[in-house]
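Take a look at the structures listed below.
Note that chain A is present in both complexes that follow, paired respectively with chain B and with chain C.
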Partner chain A sequence: MSGLITRRTMLGGSAASLLAAPWVARAQANTLRVGMQSILSGPIALLGTSSRNALMMEQDRINAAGGLLGRPIEFVFRDSKGQPQEAARLTRELVNSTGCELLIDAEASSGAFAVQEVVRDLGVACIHTNSETSSLTADPKIRVPTAFRVARQGVHDAVAGSAYLSEYANAKKLNKWATCSPDYAYGRDTTAQYLQFFKQFKPDVEVITEAWPKLGQPDFTEVITKLIQAKPQALFTLLYAGDLSAFVNQGNIYALFSQIAVATPNVDYPVLAAIKNLPAGIQSATRYLETFPNTPANKEWGQAYLKRWNERPTNWSWQNTVAMQFYEAAIKKANSLDGKALAAALTGMKINTPFGVDGTITMRDDHTTIGYAIGWGQTTPKEPFIVDVKAADWGKIIELETDWKKQQKYI
Partner chain B sequence: MKVGPALRDVAIAVFALIVVLAIPLLHRSPAFEDFVIRLSAMALFATSLNLLVGNTGMVSFGHGMFYGFGAYAFALMMQMTDVSLPIAAVLAVLITTFAALCVGAICVRLGTDYFAFITLAVQMLFYSIIISWQSLTGGDQGLRGGIPRREIFGFELASQLHLYQFCAVVTVLGLLTLRHISVSPFGQTLRMIRDNEHRASFLGIVLWRARLFAFTVAGAFAGLGGVLAALFVSGAYPELADWPNSGQAIFAVMLGGISSFLGPVLGATILLALNDVVTRFTEYHGLVLGSVILAFALGFRRGVLDFIRLAWPGRLR
Partner chain C sequence: MDIDALGACLTTPACVVTQTTSGLIVGMLLFLVAAGVTLIFGVLKIVNFAHGTFYMLGGYVAYTALGATDSYALAVLSGALSMALFGVVFERALISRVYGSNVLMQLLVCYAVVLIFDDLVKIVWGPEFHAMGMPPAFQVPPLFIAGGVVPPFYAVLIGIAGLIAIVLGLGLSMTRLGKTVRAAAINPQMVSVLGVNTTLLFAIVFAVGGGLAGLAGALAAPVRSLSPGMGFSVLIESFIVTVIGGMGSITGALVSALLIGLVRGFGTIGFPQFTDGLIYVVMIAILLLRPQGLFGRST
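And now, the complex of A and B:
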């Protein structure tokens, strides 16, 4: 009977030592490891890979310039598969066993909220680069002292988009609108947010039908016929990525886009590439566009990305790039990697970057960025794909964002 | 039940607990501690499922529902009320037990195939409720804002070491209880039902009552696992209650072995370790995991512990 216990213990012991082996490996003392986690597999792997591409360019740039605090940097990339509990585990692993001293959290929203709570416990510096859900930093209960967001934000986009679309609707006399958005929290919440501001700017607007296709739905026929039957003058859609290109491709068959005006904030280069015949005249926001802001620096970065990866950058690419630019400036200022010291340096920091509407982006006191490029224009089938881009008014965005925060009792 | 085996189980449990608790005193490895915390949740989850699969022959595809239920019940109670952590944990397990009783009352009378289908269906229903009831659960974004870690007797669960100790103690006690249930006369009854339900029925056993009891107990321990999972991620997410999570538990049971009590624990260890190691090197972890499971299914034709017991009969029980 004692032999029995011994064997079990032996098995357990050998299993434990096998498991412990990789954990013993530590970072080389001099290299500064930066942990990056994102969705790198599955249907929205694009979210992660276009983030990773941008960060690898930043790694080369920073190392060529002598690294951070004189140490070369090295990214450690991890795939969370988009699962929050896996995201939480990876954050701990990156810091506790891989020896990462800085974190880039390139998770989508649900993962970002999980990472946020782990960062709260660990006290390490972290920049969220892909979550657009406003409450991540706006809600003081959720905000974390050492975590920041370098990304566009739902409420900013909603104000900018509604302001632009209300002017457009007034000019074209479009009062009857339809909406078509993915059927989950992002789609429902953000549609409601856009409509709230839209009605504020244009009180006579009327929503006559709503369609809520499922995420990743392959066939949009029922949605398209529902829209055509309801005869709205214009359609607002929050579909994105593969869903958006599928919707446009299928809508083209029904000549949907010659019957009604269409507006969407979610057009990215890969979506444009996946649409066979991009209809002209869709009202579209710029998530990332080489020609907006129309500066040599922006163009140069977009071209460098295209040359290196043989594809165009996405919205997430610029966000991750700016995150590293913020880290670089903050580390120089604080002369430290300590979470608290970096947080103090980052708060209120303004950096020069090609992606700011006036060449700068500011990290506000509430740990989120403002001043990044938000513009709306209309599509054209050939490059540069979106023309007549009008920059959003950041004064108005911040004014209405403040009202919204009061309404939510965040301030 | 004889006193001997019960005492032996307690001795093994105490020994295992001492070893696990002693490790951080000798050497602190946050990665190892994280692993044990996650394993503790998964081990309770998988072992409780094995009470149904291995002991009773009821293959439930919806067991993840109770894991998620425990996590949500606990996290919501901690966020919305001021009750202390142990009370919230106990209440969460009790609520999950009640939920399991209700679900079981509908499911256990059905035959094997239909039982599997309907547990899956109920889980999908529960998952849909989590997704749709946004004001309570946060929908697909999960329960945000973290779980407040109220101190218990100088025990601070925000500290990794304390959480590690807490999880180790809870899991060893949980597994010991499950072991006790599985070797008790009731456990024997369940095995008899598994092997020949007609004979069990002729002996005067009310089949549905025994099955319902097993289902409820299994649900309760899955809920306890969910509580630990919620503590680890400091929140609750719909993925915890989704069907792939039930699949994880079934994989753990199959990998480790259904006829050995510690099989699911070993299976959970293999599964988690495999996931942790493989995700470091490749994005094609699904491919690697699938190949390993295929190798077990086609090569060993049973779980690891079952295989070892068959290879060396009499040495391991």
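And now, the complex of A and C:
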């Protein structure tokens, strides 16, 4: 008899379900849905996945602390595959069909600009967590009243990197430089931006050769041998992820790194983990580093991420974490989820976070963050992978960023 | 365009040695992949759009085999043999069903295999890239010949690929199997009528083609990043090699792969903004002069 469902049991169950239905519905309605779309498949899916991982940790942390406005939060993740039109469609769907009341846009720049226009239309609160293109928030024509950015910004990185590299170049007497960056908008624009500030800090610097390999190019041999022929004293490269790994591995067998100094802002944990013979002494920015800022809170977060996901966090991971920390503080302050109310609360807000260079990050009036940890140091093949890290001077960054904004006629 | 730099390079022995080695390694690895494409087309008239998948899987299998055995030689062997086996399965299970079908059907079958295996690679090895790392035996300083830089690892790779080119060339011209393959390329019906087991012959052709692509993926794994979809970039260049060399010609594949390698090697000095474009210019120029390719038969 056991194992069979009788008619009476069935009726009883149905009655119970009917009685419970409103409670279930209310519980579901009470949940605060946060929409997030990112690149969760394709060659750089690792970055999108690392964003999702960080947000799932935030979901657990916030819910354990009682949720937001007393409501548990639940993320709704969507894969845009890195296609801007898909990112825009998903944003609209997350709000209109899935009932999301807050948005995390974890797209790269191409997708973020498409999402920005949808957010302008919807009026919902949105935080871009991964777009580094400065104009997204710097250009008043592109800026949106309810959209903010919690991510490093290209112009900040360019000033910080150029200031560090000019000091390094002066100390080592490196005047002849080469560049090698991917042949698309990011590679060309950001290289130009770095060089502009680099020449400002060190007017006698000379770029004697340039290489523009294609994104995902399997072989960099001809680029490496060209660099050997040109005999620069130093190389600046914006190659990243698998391309940077292949470039380093192929450069190693030409002993490239014993012939010239190398600088890159793009060495992060996945690259460090994948390159088996990482040369020591590459000048590198810290996109995310557990030891910079060297605080217990930063180390604790990095270790918690490693323990939960069995891999190290990326730059995108900390940026998504900080976005939720900003939402949490702003919702508490505004006591509302309304886009305009949250925008008012977020503007000028300063929060305590492990990822700020002094333990805080500020959301500036132009909807972008300042004070996050930017440092440069040199690589070492073993942990902590980047040593002698020097923190960037945020006073200098803001001063030159303001000049740049004036040049661009943004202010 | 920097003609002065190119002129200076061509008159400097160090530059000539370095850029020629660079061109040879790019060309030889390309030849290994393209040889399979051209062999399969020559015999079966199938344009194998899934050939890049063999290259990708060869690299991944070698990566795993190295982890298990700690031997680069065994890793390379695993990459090549597993792809030879996969070539047979691919031919028997899928391609044999679309012989004689229109090109669109063959293209769809191949494209489905590309997508399926790109996703399977993501599931098995993860979406992030991997790097095999240089085997300890090759972690040595480069050689300097006439002032030019020659990495020992590349010298060995060029040697292996060159040896395979010779074996393949001799095998096709001197052995009974090779002669049968060449005969099947010209008139498969006649070969079949003469009592040759063409089913077995076609499977062997796919085994050789797949094995060569797997070998290229495995040989290159220490210096190239492994990522899902990596086969696509080599596939395009393999087709260019096949078209320039003449569809179906192994000698043509070798010559055109080396030509592309050298165009890349020296083009990057003289035409830094136009290196990729230069390859297509060379292809157009050759096809205008010889529409059937350098070593192709006119039809």
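A few points about this structure:
Just so it is clear, the second predicted complex is superposed on the first by the 384 of 411 C-alpha atoms of A that agree within 3 Å, B and C clash if a C-alpha of one lies under 4 Å from a C-alpha of the other, contacts with A are read in each partner's own complex, and residues count from 1 in each chain.
Everything that follows uses one rule, which is that contacts are C-beta pairs under 8 Å (C-beta built on N, C-alpha and C of every residue); 3 or more make two chains touch, one makes a residue touch a chain.
Given the structure is predicted, the values throughout are model-derived calculations rather than measurements.
Once the two complexes are laid over each other on the shared chain, residue contacts for A:92 go to chain B alone; chain C is not touched.
Once chain A of one complex is fitted onto chain A of the other, the partner contacts of A:185 are limited to chain B, with no touch recorded for chain C.
Look at A:114: by the touch rule set out above, it reaches chain B but stays clear of chain C.
Of the two partner chains placed around the shared chain by superposition, chain B is the only one that A:79 touches, whereas chain C remains out of contact.
When both complexes are overlaid on chain A, the residue A:250 reaches chain C alone and has no touch with chain B. Once the two complexes are laid over each other on the shared chain, residue contacts for A:41 go to chain B and to chain C alike. Of the two partner chains placed around the shared chain by superposition, chain C is the only one that A:275 touches, whereas chain B remains out of contact.
Contact with chain C, but none with chain B, is seen for A:219 once the two complexes are overlaid on the shared chain. After overlaying the two complexes on the shared chain, residue contacts for A:32 are found with neither chain B nor chain C.
Once the two complexes are overlaid on chain A, the chain A residues touched by chain B in the first and by chain C in the second are 41, 45.
The touching residues of chain A, when paired with chain C in their complex, are 41-43, 45-46, 49, 209-212, 214, 216-219, 221-226, 228-229, 241-243, 245-246, 249-250, 252-255, 270, 274-277.
Those residues of chain A lying in contact with chain B across their complex are 1, 3-5, 7-8, 15, 18-20, 22-23, 40-41, 45, 78-79, 81, 83-85, 88-90, 92-93, 96-97, 109-110, 113-114, 116-118, 120-121, 133, 135, 139, 141-142, 184-186, 188.
Within the complex formed with chain A, the chain C residues making contact are 9, 14-15, 18-19, 21-23, 25-26, 29, 122, 126-134, 138-139, 141-142, 149, 151-154, 220, 222-225, 227-230, 233-234, 264-265, 267-269, 272-273, 275-276. Listed in rising order, the residues of chain B touching chain A in the complex are 8, 12, 15, 29-32, 34-35, 38, 131, 134, 138-142, 144-147, 158, 160, 229, 232-235, 237, 239-240, 262, 266, 269, 273, 276-277, 279-280, 283-286, 315-317.
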